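Two complexes come next, and they have one chain in common, subunit A, joined by subunit B in the first and subunit C in the second.
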Partner chain A sequence: MVRSRKDIAIGMSIVIPCFLVLAVFVYGFIGWTLTVSFTAWEGVLPNWEFVGLKNFATLFSTQRFQIDLLNTVFFSIFFLGFCVLFGFTLAILLDKITTGAAVFRNIFLFPLAISFVVTGVIWRWIFNPSVGINALINSTVGVNIAWRWYTDTSSVCGFHIALIPVVIAAGWQLTGYIMAMVLAGLRAIPVEIFESAAIDGAGEFRKLFNIIIPHLKPILLSALIVLGHISLKIFDLVYTMTGRGTAFVTDFPGIYMFETTFQGHFYAEGAGISIIMLMLVAIVIIPYLYSILKKERV
Partner chain B sequence: MRKMLGLVLLCGLLVLTLAFYACGSKQGEKKLEVFSWWTAGGEAEGLEAMRKIFINQNPDVEFINATVAGGAGSNAQAVLATRMQGGSPPDTFQVHAGLELIGSWVVAGAMEPLNFLFEENDWMSVYPQGVIEIISQDHKIYSVPVNIHRSNVLWYNKAIFNKFGLDPPETLDDFFTVAEVLADEGITPLALGDNGIWAATHLFENILLGALGPEKYKGLWTGKVKWDSADVKAALKTFVKVLGYVNTDHAALSWDGAAQYVIDGKCAMTVMGDWAHGYFKAKGLKPGVDYGWMPSPGTIGAFNMLSDSFGLPKNAPHRKIAIKWLTVCGSKAGQDAFNPIKGSIPARTDADRNLYDAYLLSAMNDFSSDTIVPSCAHGAAAAQSWVTKIHDVMSIFVAEKDVEKAAREFQAAASRFANK
Partner chain C sequence: MSLLQNIRSFKLTLKQRKMGLYLTLIICSLFFLLPIYVLLVTSFKGFAEVSEGNMWALPLKATFAAFEKAFTKLGPSFINSLILTVPATLISALLGSLNGYILSKWRFKGANLIFVLMLFGMFIPYQSILIPLVQFLQKIGLYGNLIGLIIVHIIYGLPITTLIFRNYYSEIPDELIEAAHVDGQGIMGTYLYIIFPISLPAFVVVIIWQFTNIWNEFLFAITITQNPEQQPVTVALQDLSGTFIKEWNVQMAGAFLAALPTLLIYIILGKYFIRGLLAGSVKG
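This part shows the complex of A and B:
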């Protein structure tokens, strides 16, 4: 197809404003943040004295930041695991039911439409150790549960027990997303494959492991990337649900960044945390983008 | 295609509105923008009462009430920082009196000294010396305090204390005696709600004050008293002992949840600023009948204060009108209009005593006779950067209870920030 000069002009005039906005407000500010992270900016006025990697060195030797990174790793693993396990199971089950599937699908998808802030407040009440789920079980079953949920300060191999309620809350909200992705993927598998598998005498498990899972791999991968970057950047849910927690049991880099920058005025330190968070997300996203680009070229 | 064009148009509009906003304010306009985090309840009503006085005196001025809700002012402070750094300060803004203002905006050279205002209005004689010290840096006064809150108050449930024939504790030793009796009776002695950690810092600063006395306590903030000294370590140990008597779910509660425990009789006492008085009254309790108050253990004779004040940023768009507002804030009429509603006492010592209830009158008496010291948890004693670090150390300390480590880290923060 040959494009006329007018077409090109229209195309350009549409792309350029967006490009400029992106260049300034995304990449420009990333550059700005990176610059700030190398300075000694502390207090409300900028201080552009160059200190190299000092802010990063301080961060990595700060107990709070070490806990934050550990929390991020554990949270991401359990949160992704939770979503995939339940999302996948729900999708397979929903695919089997013939009546009422739409109702259940919507029920499980609904949490996705709620803001993280609302989810955080609700689950804070549910897991409140004195008036929440413990009190409910106590008044109905009569069993006294001493589990202190997100106020528990103990840990197992570095994993803070207090993160469990946060994983449940985040998982509750985003399981529906995995379910929807898997359901769409299941619909895309040609029926003939299942038919011929049935003729060959394959059972349900055989179908699951040899047909469904291999077919769903690309979809699951993109879904995991989306959830992965949510979990690495998590802020609003935790901020409203538990805050930093006693001894930072439910603290994450996002919360640290917000508090140190905007309440403590440690701008350089805050910029450093932002850059580390960006790099964490980049570790997940860049290989993914690379693989997609490679495929497109082929 | 059409959608894309729409998007481009939208972007254009956005840029245009921003441009209009940027050149919005001009000198000579009759406007006043007052920036605060007083969005709800008695605070907002108190501000409204002061606004009425101001508008009566200046009927032709458009009063812009710029409030940012949430987080005991932390959200507002983030917005304020953005505006100040962007070169568009409000005409005047609410700030905790003391180092919260001095340690950030005064040090940055962004505030105008207000000595002229204090001299013109003869305020030097009606504000206590302790307050003037807290709001000054190098003999220059930087804000007009509107109210005073007291941090070191122990609130207790009278029914519980009467039932077991107990007297409210005057000293820290008394506290442990009383707490032991209550614990034996199956009542949690002390309520704490430190979700968001500041309430733990609040309790600790008052234990520090009780253990060290007012002079040494003040020395902590000027660098004269070391945080890793034996006195502070002893106070930290006392704090750990006190934590043994608090409700186990303290990390899930905020201060008002803790106050509710005292109302419900689940806990017998709580150490909280005197905004708790407003909470108890709002819940229908009778002061002096259902609940009583005392200076927190060991702090009789000391008044740990915090204060909301208004300052004058340099380059305020409507400076002359802002000065008129500050005059209302510092006036007797303004403070007597604001404080009875907000539930705090005036920063002036010549207020009309008929307007205040029993608790506030007792606070006013103490305020005029006690040694005044600045609160750390509420921005009077230390700059925000320092307070942030103290909160961080406190977060770990309440769980690990490692006195040596906490003292070391407190001192590290102090040597970085004291006298800065």
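This part shows the complex of A and C:
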């Protein structure tokens, strides 16, 4: 294809400025945050005194931050597990019906259109220990339960029980995403494969494990990466639903960072937390982006 | 009767299986609709009914009192959200379209690298740029107001809008560009007369996606718009739930109002919403 130099120059004169602005706001600001994380900045006015890795050392020995990391790990595992198992099941079920499929699909997907803030406000009410789910079970089943839900301070092997309602609320919101991805993946599997499997007499389970799951692997992987980076960054939902909780049972790095930076003015500490969050996300995202770049070059 | 036949007779008939399938789907639907039920029944209750704590029952006497209260509280911030979301959505869509077009049809050297470096920006935890962002906005005098927030959403919206448009344009055959070239059109003429007119589906997807995300966004909003008069609706809702702690009916009515615009878009244009959802990851 013929592309004149002039046209290429015009194209670059549009893309490059956009890219440069974005690069400053992404890479430049990350560099700036990194710099702040090496300083002793506490208080409203900047203090650029260099303290090296001291902030990071302090963070990793701070109990609140240790809890936050543990909460992030447990939350991510249960949240991803919830969404994948539930979303996958819903997609497989929906794929088997035609009448009403669109209605069900819309019911499973609409939470994605809603703000995490709204989700947080509603689910906080639903899991309210005195009037929420407990009251519903008490009045319908007649069993008197007094679960403390997100106010529970107990834990099992480091997993805070109070995280369960948060996992359910987040799962409620994002299960539809996995379902939509799996449905799109199922549609892309050639019908002939299923036909020949049927001729061979393959049952439902063999179809699931020998055809569906191998075909869906790439889609599931990118869906997991998207959900994984959401769970590593989680803030809005928890901030509105439970806050950091008693003894930090529902605290996350995102909340710690926000509170310590913008309410406590411990800028260096906040910068340190956000750099650790960035590194966690980068571990997941950079291989993914690298694979895209490699694919594009072919 | 042989063993095999015995097992066969236990197998469910096709009709029973269908029934089971629908029953399972209906039960799952109840889980997804439960918050909407709670939202609606609570927001139509009066304060007296809510304080009795019977949250699951239908309202004995439906009233709009909670909506009125929520609306006086959230009304101004609802307008703020519109002032924020509409320009930020349109400008980021337009920029994404231009960038996506050039990056897919006029690949210069290093275009792919630029694209991937841009994409990284949509995955970063925004906490990691928040401190410099606040300092920067303070320096240029845009901290605390909606203009600053609009600019922030345009910039950080660039990766996703560019991605969606780039994927869309890469499906368009190069011959179309070449035909335009033969007709004497350069890069911008081709965009204006050939590409832009057939971009409507992509614009719908991107506009819906950006509108939903910017409307729903919270972290930038709460950090940048400290001034209550400039707050978008998500921040105001969070405030509301802090001030009306006991008045759950007002909180639920407020949540309903805050969710309404994006919910309506989803109901009317759901098909395009799902396309945006998939565009972010399926094709990369």
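Just so it is clear, the second predicted complex is superposed on the first by the 293 of 298 C-alpha atoms of A that agree within 3 Å, B and C clash if a C-alpha of one lies under 4 Å from a C-alpha of the other, contacts with A are read in each partner's own complex, and residues count from 1 in each chain.
Note that in this section a residue touches a chain if its C-beta (ideal position, glycine included) is under 8 Å from a C-beta of that chain, and two chains touch if they have at least 3 such contacts.
Note that the structure is predicted; figures quoted are calculated from it, not measured.
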item: Partner chain(s) touched by A:H229 [first = subunit B, second = subunit C, both, neither]; value: second
item: Which superposed partner A:G245 touches (first subunit B, second subunit C, both, neither); value: first
item: First, second, both or neither for A:A180, with subunit B first and subunit C second; value: second
item: Which of subunit B and subunit C A:F74 touches, first, second, both or neither; value: neither
item: Touching partner for A:D7 - first (subunit B), second (subunit C), both, neither; value: second
item: Partner chain in contact with A:I275 - subunit B first, subunit C second, else both or neither; value: second
item: Superposition-derived comparison: subunit B or subunit C, residues of subunit A touched; value: C
item: First, second, both or neither for A:S130, with subunit B first and subunit C second; value: both
item: Partner chain(s) touched by A:E42 [first = subunit B, second = subunit C, both, neither]; value: first
item: First, second, both or neither for A:F262, with subunit B first and subunit C second; value: both
item: Touching both subunit C and subunit B, counted on subunit A across the two superposed complexes; value: 14, 18, 21, 124, 128, 130, 262
item: Footprint of subunit B on subunit A - complex, ascending; value: 13-14, 17-18, 21, 42-46, 63-64, 124, 128-130, 148-151, 153, 242-249, 259-260, 262-266
item: Complex contacts: residues of subunit B adjacent to subunit A; value: 4-5, 7-8, 11-12, 74, 77-78, 81, 84-85, 104-105, 107-110, 194-197, 248-252, 384-385, 387-389, 392, 395-396, 398-400
item: In the complex with subunit A, residue positions of subunit C that touch it; value: 18, 21-22, 24-25, 28-29, 31-35, 38-39, 42, 53-56, 95, 98-99, 102-103, 106, 108, 111-121, 123-134, 136, 155-156, 158-159, 174, 177-178, 181, 186-188, 212, 215-219, 223, 234, 237-238, 241, 248, 251-252, 254-255, 258-259, 262-263, 265-267, 270, 273-274, 277-278, 280-282, 284
item: Residues of subunit A that touch subunit C when the two form their complex; value: 1-4, 6-8, 10-12, 14-16, 18-19, 21-23, 25-30, 32-33, 36, 86, 90, 93-94, 96-97, 100, 104, 106-119, 121-126, 128, 130-132, 135-136, 139, 172, 176-177, 180-181, 184, 219, 222-223, 225-226, 229, 232-233, 235-236, 239-240, 253-254, 257-258, 261-262, 267, 270-271, 273-275, 277-278, 281, 285-286, 288-289, 291-293, 295-297
